[in-house]
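Each of the next two complexes has chain A plus one other chain: chain B in the first, chain C in the second.
Entry: the complex of A and B
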């Protein structure tokens, strides 16, 4: 789980953060304006590719993607 | 009783001087939007009235009276003037929806310079193209967006300063960078506002077309007349309203109605600068007791998707009037809003070039869900044929929307592109590039665009721009970009791609290409779907036939394929 959190956090920092803002596992991503609704599509695609899962569109909500911790819970649901 | 009173009566007796009188403006006088949106409201005895309630991430809140707005806009204006800004110079605002964006816009106008707002999610290439076209002298931004500017600043000798409004004092500035902290600056009480006139340029907004580079739409200070009156009659803004326009001032709704309409009518405006979630939006309405809410179909459909249960957690009885803009509002959304909020969202139709609402539904007028409504009083609109551009005059027949030029907020030019500007006018009509029909009661019904431009979430994306960006990816040989239907955004970008030898389509390559376009252009322009194909449909002369790909995506008839290569 810690590995997954770190991988996802690093990906988000590399892909979506322009400056040196800190991102933690609880930083609000969608409501905090780091990842917008259009970019969520690419983040979902990354998770699906990386973990070889398929996240249904109706589960990929702004709330479910709003922090690294929440994303990990979502990913784990589909890893099982 | 709504501000407009009877729509039919207003149409019969309309004259733009209704707005001129209300604003105490006489033709030939000085007219400066910055002054009208701050100093004038103070002179009307509302200096202590709240003009802006801003809420940022984490619930941080800032409140500004109209006197605070006057002082802030003076202070920014003076700072720009001290840097040497001159009337008609272009000053770009490249920021999130923070207070400095709103005050910066008005401060620029007070100096007589031209405000050039750009969406802060633009990638470096989108930014460069627009700054190059405008030969922008100064750019105002936040430290989070500064890296995108730094990437391209060496290619922009004309850009003299990048002002950073939240610079960390411990960090060194680079060449051409200047720090500006509004809260720490001494407030400027007396500022000599540049005497702009009706035709003095005010705002340069960029919009996308099917071909060629984005176009800079030039507006003038006289646009205020239409923006003020439509705010009063369509948005029905009243002195005691708490108004929320959800649009970003990087786009025209965010300036015409998120700044000019709001502040010139002297209402209290709320701004929420954080990402979207149904819960945070409803909480915002409840907390600030929003009465007038101007939003977009994409947001409304996202709220529909979040369900009705969540609404029951909030007291939204404060809402008095709702309106929508950006793309056609489907009838389901109108009916849904009436069910859950007790009032319908009224659709409004206009675009960057028109500067203000052209066709709309009005408070007090019968609403036909799914219809665009009727032309604003003083606006002559019809549908014309695509051959001679003559009015069709037949109920229900689909044609090109056409508007008689001459309203106050009409664009005056595409920046440095007179030819394209002239092409927007045919047979004495301005053509916005949309198709519709008119029913037997004079209501307009939107059909679609008349070109290949993609309307995603209310923002126009040029397929040409996306195709050009795709070709810069090392794997892409050819590309064709079309709109794909989408429940929330109406349309999203879909790319068909052929690969260069040595590359094979894969999920990882798909993601790599998506991110490449997102960073280069913007998240809006990022293809939400990429289909790797062996070849693209082309005419015998080699032109890619987007029409065929579009028809397939939308399940439409492909039509004439006689010019198709290998047919």
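Entry: the complex of A and C
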């Protein structure tokens, strides 16, 4: 779980953060303006490719993607 | 009456909020034809003021060129004022198809379709050629019209960091299982004046079997040795799949735009692009004007050569004066001021000195990157540019920003 959190956090920092802003496991990503609605699509796709899962579109909500911790909970639901 | 006081009040509140935040856009009325020197009424009701214009997209100085004006007059006489129809009903004249063929030849593509504007071309092209099984991968700084077109398209959308080729390659790998992939960029980016790395992008697109799309609105007619655009400058003519461009900037400055590229993609636009299907195309006199523009530019590179020379003179002058500018070699030369109020103050003072240049600040550009965007034209003579440099020197001294670094300006004025 810690590995997964770190992998996702690192991906988000590399992908979306263009200054030295800190991102923690609880930092609000969508409501905090770090990840916009366009970018949610690529984040979902990254998770699906990385963890070989399929997240239904209706589960990939801004709420479910709003922090690293929440994303990990979502991914774990679909991990076999 | 549905427009109640409550409704009116709601809109007034929004507009007041915009005004209080300094975000209300105000038009300045120009009483002359578009040119290097114009007569401006600003604010409304003020006496006319003759100023040097360094913020138009009139890169080649063709907006009021006598031959172009004459051709538009002739087009008006021979083909009338309007078409009163969309293209596929009874709104296509011989000159519309003639212009499409001329653009195809000029850009070195397979075919071209006209649109009422490049905004419409970008708004319609993606949905016409892509489906939900495809992916669009766009530079994060593409023009707003591309973003709107992407929003209207059912294909998946992803972005890569501005001009970051390693990041683009990661995205091409990430989406390699999609039916079609399209990489989307501006040729010259309108706010920073930098150029896409089309040579590297074309290589990546070949490697990953992706389509390459480029909006060359700020390049067509003057970038590249013969002014064909960014693809000529980068040595990739014939390797782009779609080019969109406008006739509202360098190519005469009136209106209209096009999608030019692979013939199947152009045909898909002719069958499916909604701004083409549901709107009149470019009016006959404008078509006749653009045809003349292409004749002028195909006969000689004199105008783009002069623009290149003017741009070099301008960039050198600003740099030697000690202003912070965005590096590059395009005629879009942003003078960086970083602070929004400073950008507005400098713009106002330049106007007092007879120089018309506009301040840009958030949300048009990112927070802390406020600037005066200057744009050079082949219509400028060296004496125009010398006068504008003198004005920048005077105003720069007043605000003590000459010879100051980005950090020093930010320390003095904040962001």
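As a working rule, the second predicted complex is superposed on the first by the 79 of 80 C-alpha atoms of A that agree within 3 Å, B and C clash if a C-alpha of one lies under 4 Å from a C-alpha of the other, contacts with A are read in each partner's own complex, and residues count from 1 in each chain.
Definition applied: a residue touches a chain if its C-beta (ideal position, glycine included) is under 8 Å from a C-beta of that chain, and two chains touch if they have at least 3 such contacts.
What you are looking at is a predicted structure, and each value in this text was computed from that prediction instead of being measured.
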With the two structures laid over each other on chain A, which partner does A:46 touch: chain B (first), chain C (second), both, or neither? both
After superposition on the shared chain, which partner residues are touched by A:6: those of chain B (first), chain C (second), both, or neither? neither
Counting only touches as set out at the top, which of chain B and chain C does A:38 meet: first, second, both, neither? both
Looking at the overlay, does A:63 come into contact with chain B only (first), chain C only (second), both, or neither? first
Counting residues of chain A in contact, which comes out ahead: chain B or chain C? B
Applying the document's definition of touch, where does A:26 land relative to chain B and chain C: first, second, both, or neither? neither
If I apply the document's touch criterion, which positions on chain A are contacted by chain B in one structure and by chain C in the other? 18, 38-39, 41-42, 45-46, 49
For the complex, which residues does chain C have touching chain A? 150, 156-159, 161, 171, 174-175
If you look only at chain A, which of its residues touch chain C in the complex? 18, 38-39, 41-42, 45-46, 49
Flag every residue of chain A that touches chain B in the complex, lowest number first. 15, 18-19, 21, 28-39, 41-42, 45-46, 48-49, 61-63, 66
In the complex, chain B residues that touch chain A: 57-58, 96, 121, 143-148, 273-277, 279-280, 302, 306, 456-457, 488, 507-508, 510-511, 514-515, 518, 523-524, 526, 528
